[in-house]
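Chain nomenclature is as follows: A, B and C, assigned in order of appearance, with residue numbering initiated at 1 for each chain independently.
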Amino acid sequence: MTLLEVDQVSAGYPGGPNILDGVSLAVERGQTCCVIGPNGAGKSTLLKTICGLLRPRTGAIVFRGEPISQLRPDQILGLGISFVPQDRSLFPDMTVLDNLKMGGYTLRDRKKLAERIAAVCAMFPVLEERRAQRARTLSGGQQQMLAMARALLLDPEVILLDEPSIGLAPQIVQQVFEAVARLRAAGKTIVMVEQNARKGLECADRGCVLDLGKTRLEGPAASLLADPQIEQLYLGKRRGPGPAGSAPGARAEPPA
Amino acid sequence: MIDQLQVVILGATLGGVYALMAAGLTLIFGVMRIVNIAHAAFIVLAAYLSFWAFTLYHIDPIASIAIVMPILFGLGAAAYRLLFARIADSRRHSEMTVLLTFALALVIEGVTGFLFTGVFRTTTPDYASDSFELGPFYVPKGQLYATALSLVLLGALLGFLRLTRTGRAIRATMQNRAAAQLVGVNVRRISTLTFGIGTALAGASGALLSFLFPFFPAKHWQWIASLLALIVLGGMGSLLGTFVGAMLLSIASAVVNDRYGPTWSPATFFLALFVILLVRPHGLFGKKAEL
Amino acid sequence: MTRRALVPAALVVALAAFPLLQLAVGGFNYWLHMLLIVFMYIAMASSWNLLGGYAGYISLGHSAFYGIGGYATGALMTFLGVSPLWSAPLAGVAGFAIGLPLGLIALRTRGPAFIISTIALLMLARLALDNTESLGGANGLSLPLPDLPAATQKVPFYYGMLAVAIAAVYTSYRIRHAKLGLGLRAIAGDEVKAEAAGIPTALYKIVAFALSAVFIAIAGGIWGDYNTYLKPSDLFQIRISAQIVLMAILGGRATVAGPVIGAIVLVAADELAVAKLGATELNLAAKGAVMILILLAFPDGIVGTLKARGRLPRILDWG
């Protein structure tokens, strides 16, 4: 069932031109959709528009059948959509614990808040160890974990991830994608923007290519991975024989 | 030695009041990035309210804080909603807010002058002209009470910010406005509330100032420059910085006054500002960059 | 001469000829006075605009140069007997010379801290002059008027202010269309990117700061004598700074015509307020209220907003 739908949306930053130019995307419940594309394509803008930081200029965003385009970010959060921005957007001078508490700001029930904090710490044990540490002093990977944990605090149905692996060392990138896999396994619906297109698509069910504010291609992640054109444009050179074989066209997965 | 310590005591007993005057200013900047040039005008307005409460109803200026703070809170919240809420995300935010708060200062000055005339005023409770004797030193009662009360209010503010849910939301908005929005904080409401709290604190300090200095409608121009210098020196948005800066500058100013006379002591605030800017451009306790 | 330059040129000629009316017929002293104040503010707002409008560095301390200019010519008058009308250009030099070190200090900060630094500099300048007994200290300095009959007394000052206004606007125009102007506007847009693009931001900013002091200082130099009295608390006011800023921004920051329009509108509004409400406190409140309304209604200034909506009359489109 289509949980989240972006319907012909155009959007831009205040006073500026349209960055998104009639983008459409449909995400089913429990699916992970990875959005790839060159810089400036509007990937971040898309996520910001979905979560309410930007308002669509044309088109509509529909969640669980209800339009949400005119709602405030805190209202959209209440409906069950969480956003992890590219810059992580933590509270630098607050401790890990306080950052998590802020994640649960809209929860009035103290017991529930404590339960949720325990739950996300179980998912990200590295945070449990550093409860009293200031967010400013965490490493890049730890900050990413904290940002994701904070977004999970309200147990949202949909999680929007904006370039979770950006600026991180390869080893840490692996950990981040493992975390995403855990979220997937927990049944979350994920829309992820990734510069590391290959890894992002490998983690996803569906893929979407955004370029110059328009959707160029959309389909199962596997077929995007297999598509030689996509490979050339966005995936970069593969090192050595990969799991799908070394010759283009010789793919194991069936087309969509 | 005794003379010097006496001077220090005089300075220290004013420091708390300066800190209270500037606390609202730094809070408003920290949360909304607004340089509130009208801040001292609110202080003078409150001083007038205390004066009339004292003159007409014999209400002690310190007691009048209970009346003045809610009134100033309401005025501040209303001003924010009417003037600043709509431009919160504007590209021209910095210059617009500077000019808007300047115009607001003129409005307040004009209305204050119209309602209360331009005669120099001051409230005269008994303690204003009395002092305690501690051995060879004398401690002016008025100043001591004022600073003590300032510290109580500042302590209450700190407690509110650290321990309450709303306080945490204010601190979060100060540290990262976008992130606060993301976790569900209604930043518009928090901003309105913070502006109101800021002006309420200004109101409290006005009530205290009413018996410390003579005032008239245009007096705010003399204070606003020093207060602005103070918050930059302490680190914009840092309450601790404001407090430390206020105590240091107040004492320094008293010392300069003693040695070089009253015409140079106002310069202390501004010279200190430049010294700090040369060494630590973000102020004593200011933060460098955002995460 | 291009078609666009015709209207301003004709205007200048008309304004230059106006005093002849006074000399021939008389009775126009009020208008000479009002016009020279308008010219003065046009000069000051245009001057400020170089830093505040083009580069986006809002200074609330520029009335310091107003005072410095006034005292510069005042000192030359008092100690050397030179008439400010002749020494006014030197006031400009003084403004530039003092603007350089002040700018270097203030430009260590940005944004709100910069605004506050400039206020602090203004206050220090005022305190310095309050404590300079040889120039009258806090009580001020009296200056003699040129030895002319009452009917013609305002005329030299009128021409002086007109000249500064023209010089300021012309300078603004030339800079706007030159590399410096482009660089400054890049700084206003995004300083980090401008720096990365190779623009010498530090140099441009300090040049803009020092240049923006020049015409304000000259205007102050002429005004001091016109007013026959120099007093630190009159000249070194945040209010005068804010007035200049308001004119530039209300008119349209980063445009050449903006400060001109802003100056005219605000001086006219001021006169109207005094005429209607008298010089009372309500007048002040009304001015503040009107400023708020215009600021909210014209976020890009009058010229800027009109330009954005495509409704700016060609004669005002000087860039």
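Definition applied: a contact is a pair of C-beta atoms (placed from the backbone, for glycine too) under 8 Å apart; a residue touches a chain by one contact, two chains touch by 3 or more.
The structure presented is a predicted model; accordingly, all values stated were derived computationally and were not measured.
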Margin query: Keeping to the contact definition above, tell me which chains border both chain B and chain C.
Written below: none
Checklist line | Chain at maximum distance from chain B, centres defined as averaged CA atoms | finding: A
Note to self: Need the central chain here, defined by C-alpha centroid distance to the all-chain C-alpha centroid.
What the structure shows: B
Next item on the list: Return the distance between the CA-based centres of chain B and chain C, expressed in whole Å.
Entry: 32
Next item on the list: Between chain A and chain C, tell me the centre distance in angstrom, where each centre is the average of that chain's C-alpha atoms.
Entry: 52
Margin query: Quick check: how many Å separate the C-alpha centres of chain A and chain B?
Written below: 44
Check: So which bits of chain B are touching at least two other chains?
Finding: 90
Check: Which chain B residues qualify as touching chain C in the complex?
Finding: 29, 33, 35, 83, 86-87, 90, 92, 94-96, 98-100, 102-114, 118, 217, 221, 224-226, 228-229, 231-232, 236, 263-264, 266-267, 269-271, 273-274, 277-278, 281
Note to self: Under the definition above, what is the set of chain A residues touching chain B in their complex?
What the structure shows: 14-15, 51, 53, 72-74, 77-78, 82-83, 85, 87-94, 98, 101-106, 135-136, 143, 150-151, 154
Note to self: Under the definition above, what is the set of chain B residues touching chain A in their complex?
What the structure shows: 89-91, 165, 168-169, 171-172, 175-176, 178-186, 287, 290-291
Item checked: chain B contact footprint on chain C (complex, rising order) -> 52, 56, 58, 60, 105, 108-109, 111-113, 115-117, 119-124, 127, 130-131, 138, 237-239, 242, 245-246, 249, 253, 280-289, 291-292, 295-296, 299-300
